[in-house]
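Structures incoming, each one as structure tokens.
The following pair of complexes shares a single chain, chain A, combined with chain B in the former and chain C in the latter.
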Partner chain A sequence: MKHAYIDEYSDIDSYIHRLDPRIKIISLFAFILFVIFTRPTSFIAFALYGVLIAVLFLLSKIPPGFILKRSLVIIPFVLMVAIFIPFFKKGEIAGGYSFGTLKLTVTYDGLMILWNILVKAYLCILSMILLITSTKLSNLLKALEKLKFPSVFVIILSFMYRYIFVVQDELMKMKQAKEARTTGGSRWFHVKVLANMIGVLFMRTYERGENVYFAMCSRGFNGKIKIITGFELKMKDFCFMLIIMSILTVIRIFGS
Partner chain B sequence: MHIPDGFLAVNTWAPAWLISVGGIGYCLKKTSLVLKDRMVPLMGVMAAFIFAAQMLNFPVMGGTSGHLLGGVLAAVLLGPYAGAIVIAVVLTAQCLIFQDGGLTALGANIFNMSFLGAIGGYLIYNIIRKIIGDNKGIIIGTGISAWLSVVVASSAVAVELSISGTSPFRVALPAMAGVHALIGIGEAIITCLVIGFVLKVRPDLIYRKGE
Partner chain C sequence: MTEKAIEIKNLDYSYPDGTEALCNINLDVFEGEFIGIIGPNGAGKSTLLLHLNGIFRGNGNSHIRIFDLDINDKNLAHIRSKVGLVFQDPDNQLFMPTVFDDVAFGPINMSLPKDGVEASVNDALEEVDMVSSIRRPSHHLSFGEKKRVSIATVLSMKPQILALDEPSSNLDPKHRRNLINFLQTLKLTTIIVTHDLDLVVQTCSRVALIDKGKIVAAGNTLDILRNKSLLETHDLEMPNSFF
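Showing the complex of A and B:
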């Protein structure tokens, strides 16, 4: 069955894709930190951050429509915060509206909070999208390990990544079988069948986990995971990091 | 609710990161004592299982649908420490792959859903299971703790947002808790059904401490 939704564009050949994953992780994490620690009133700085990430996206040749669609995950949370904005009572009133007897006012302070969150969250999400769409997940995990992330955690993550597709395939097949055999029926019946499916999936996955372990043992696994790494830092990687860091610093100093 | 980047102030996300890193380290140590070198493959496939289970949509009212969160499910099936690791791994993967939750906020997300949700949920489940006893205790304990874990985790989001000055505490807390009290009912029903099924077919797979 089809699941090409994880790291979908990671096999494009572009300048960004060819960079060392470690360099990308460090640079984009620096980008996130710079964005988060910028004052909400530095509008120029945010515009420049936006331009920077847009240029990086252009270099990476990832279709803009895809980026736009991906970045919409932020909407529910922004809506949730937006709902609470009228309840900030402090500051100058920017406008108001009323529902019957309930009167709500929006203050400039409240709007500032919303702007602050919106712009920062969006820029950070864009940088994360750039990281994941320009790097194969297996390489990203390897790079995390190289960067001294707790190795057990990273190895569990890479196991998970390997089996997501297998487990999901199993679930999709079960769902297809269920749909082929059930017509009508009450909602409660469907909920019960779906829950039973999760139960079956758990048992099969648990058994699969044990089988995987036995297979590993038969090949000489002794609790230690060895990873063959083929990363090589080149001059252009260092150049990229240096350029990104200096641009970020310049924006930070002159943008605010 | 996965908090994105930019929603939390540094006085919230930095301590949350520290707590999460320490907590996960402790859980890994505890789990590796029990599972030994089986831990890595088993936790990996179980994380894939929770990940897949979250993608299955359940019909709710009208045309809407909801999905399982799985914190208490993982804890009841695998025990509190292993359950917390599985949820933390799933959250990390969701942050990296789907940008579901931010990188700086990942610590807070792990704290809410993995520690409060899975471990906190397990503690409540265990108390209820011991009081009532038998399979009935397992089911009732699962239901109550699944509901509570959703409400508590969402309240924690409201608390964190108000510490960061992002939303006012007095409005955000009741709103978040209220909405999630409804979502929690769905979570409780699904978790109970799944646990009930496993209990009927393979009761040996349900985690029992020291047995």
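Showing the complex of A and C:
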């Protein structure tokens, strides 16, 4: 079995890692709200938010290369949604091109919206990356539970975290077993085999779900998962939250 | 005479699709006894195990008692804290994100106070020598470690009966040896479902041989495991340690 990680840098010992996960969730959620409600023309405010998140990353000792790589994964999705806006938004025209009868124009308003979406999305993604990479996923889930996040979601996430690698492993083994017996065959044949494999994987997952449920019942499960957390709010957790909130407020007031 | 820990009478069970899995099983297990349930693949051994804490209920006249409790809806919670069932696949047994959460799952459901839960988790992990892994995610454990933690997940509930499904399957010789040593130190009533007959010889005093859903022989371990023709008719082999 391959050791796959979702939270591979969560074992670093840093100021950010030692914070109570609940405090991190609240503070970074506040960060996102502040970013979202900033006017697109407040360029200084965005720069300051960027500095703030960069300082937090420095404190967390997470390698910058990793952060960059993780954050860039999301950008294409944002672009896919936002890239056409400058062409369709009406307003003062910034430039245009003609392809025969087809005329494309880009407006200043449209560009502003594009910039707005990109910068906000990127800052929010950075704050989420900080939250996820500096917290063990199991602790993150417990913190969500403690913050009264609907327990169905927490349970689903928790089972996903536990079993995604198991299912992935099963698929990999099936693929290897198939390849070990593959000596040619048409492309269409392989597509059919793949469809069968997906079916088998579904059946196995279903049966595993049944067995896991039996195992849960055997140990007294009665419809509600209860957990014990070792969380303890300390002075420094409150200080962190207060500092972040004040910085955000200051940026909000003086940055725009 | 010691008390009966488990009493099974006229147990019949068919799967929802109609396949008959167990047929007229009668078996008594006494307190403190180690009993091995052996039989070929698909004989119904694991299905029998799932009856011991009421996950499956027999049909019709089936009757199972755990100590002085009948298995019924009212007693279910109580029975499940008395019978610790360890499944064969540790990935099914360990379903919580970390080792601690998993071992604590049972005690929390038994409504123990927080420090009581922590103490029983520690005791259970100590017994299987896994305390150092308490904060690790279950999916990062090796197979042998998963098997040990699986046993800890029920030991933490302080059961009176331990029911193990194929405890030695897929273990390397060293871990298998450790498991046997561990089982030999146990003071609980223990039921082991397996076709690892060497393990049975070293741990169980009594054996029940199941084939096609019926108990075909039951008795002293050595009497049954030395009976070459009986074993071979039911697709088993005499343990290597007898040669």
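The criterion applied here is as follows: the second predicted complex is superposed on the first by the 239 of 256 C-alpha atoms of A that agree within 3 Å, B and C clash if a C-alpha of one lies under 4 Å from a C-alpha of the other, contacts with A are read in each partner's own complex, and residues count from 1 in each chain.
We take it that contacts are C-beta pairs under 8 Å (C-beta built on N, C-alpha and C of every residue); 3 or more make two chains touch, one makes a residue touch a chain.
Computed from a prediction, not measured in an experiment: that's the story for all the values here.
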{"item": "Chain B versus chain C as contact partner of A:Arg208, first or second or both or neither", "value": "both"}
{"item": "Touching partner for A:Ser138 - first (chain B), second (chain C), both, neither", "value": "second"}
{"item": "Chain B versus chain C as contact partner of A:Ile26, first or second or both or neither", "value": "neither"}
{"item": "Chain B versus chain C as contact partner of A:Ser218, first or second or both or neither", "value": "second"}
{"item": "Partner chain in contact with A:Arg162 - chain B first, chain C second, else both or neither", "value": "both"}
{"item": "First, second, both or neither for A:Ala195, with chain B first and chain C second", "value": "first"}
{"item": "Between chain B and chain C, more extensive residue contact with chain A", "value": "B"}
{"item": "Which superposed partner A:Ile247 touches (first chain B, second chain C, both, neither)", "value": "neither"}
{"item": "Partner chain(s) touched by A:Val81 [first = chain B, second = chain C, both, neither]", "value": "first"}
{"item": "Contacts on chain A seen with chain B and repeated with chain C across the two complexes", "value": "137, 158-159, 161-163, 166, 208, 212, 216, 221-222, 225"}
{"item": "Chain C to chain A touching residues, read off their complex", "value": "50, 53, 55, 77, 80-81, 83-85, 87, 89, 91-98, 101, 104-106, 108-110, 114, 117-118, 137-140, 143, 153-154, 157"}
{"item": "Contact footprint of chain C on chain A as seen in their complex", "value": "1, 3-4, 137-138, 141, 158-159, 161-163, 165-166, 208, 211-212, 214-222, 225-228"}
{"item": "Interfacial residue positions of chain A with respect to chain B in the complex", "value": "6-7, 29, 32-33, 35-37, 70-71, 73-74, 77, 80-81, 83-84, 87-88, 113, 116-117, 119-121, 123-125, 128-129, 132, 137, 140, 150, 152-153, 155-164, 166-168, 170-171, 175, 187, 190-192, 194-203, 205-206, 208-210, 212-213, 216, 221-223, 225"}
{"item": "Complex contacts: residues of chain B adjacent to chain A", "value": "1-7, 10, 21, 24-25, 28, 32, 36-49, 51-53, 55-56, 58-59, 68, 73, 77, 85, 88-90, 92-93, 95-100, 102-104, 161, 165-168, 170-172, 175, 189-190, 193-195, 197-198, 201-202, 205"}
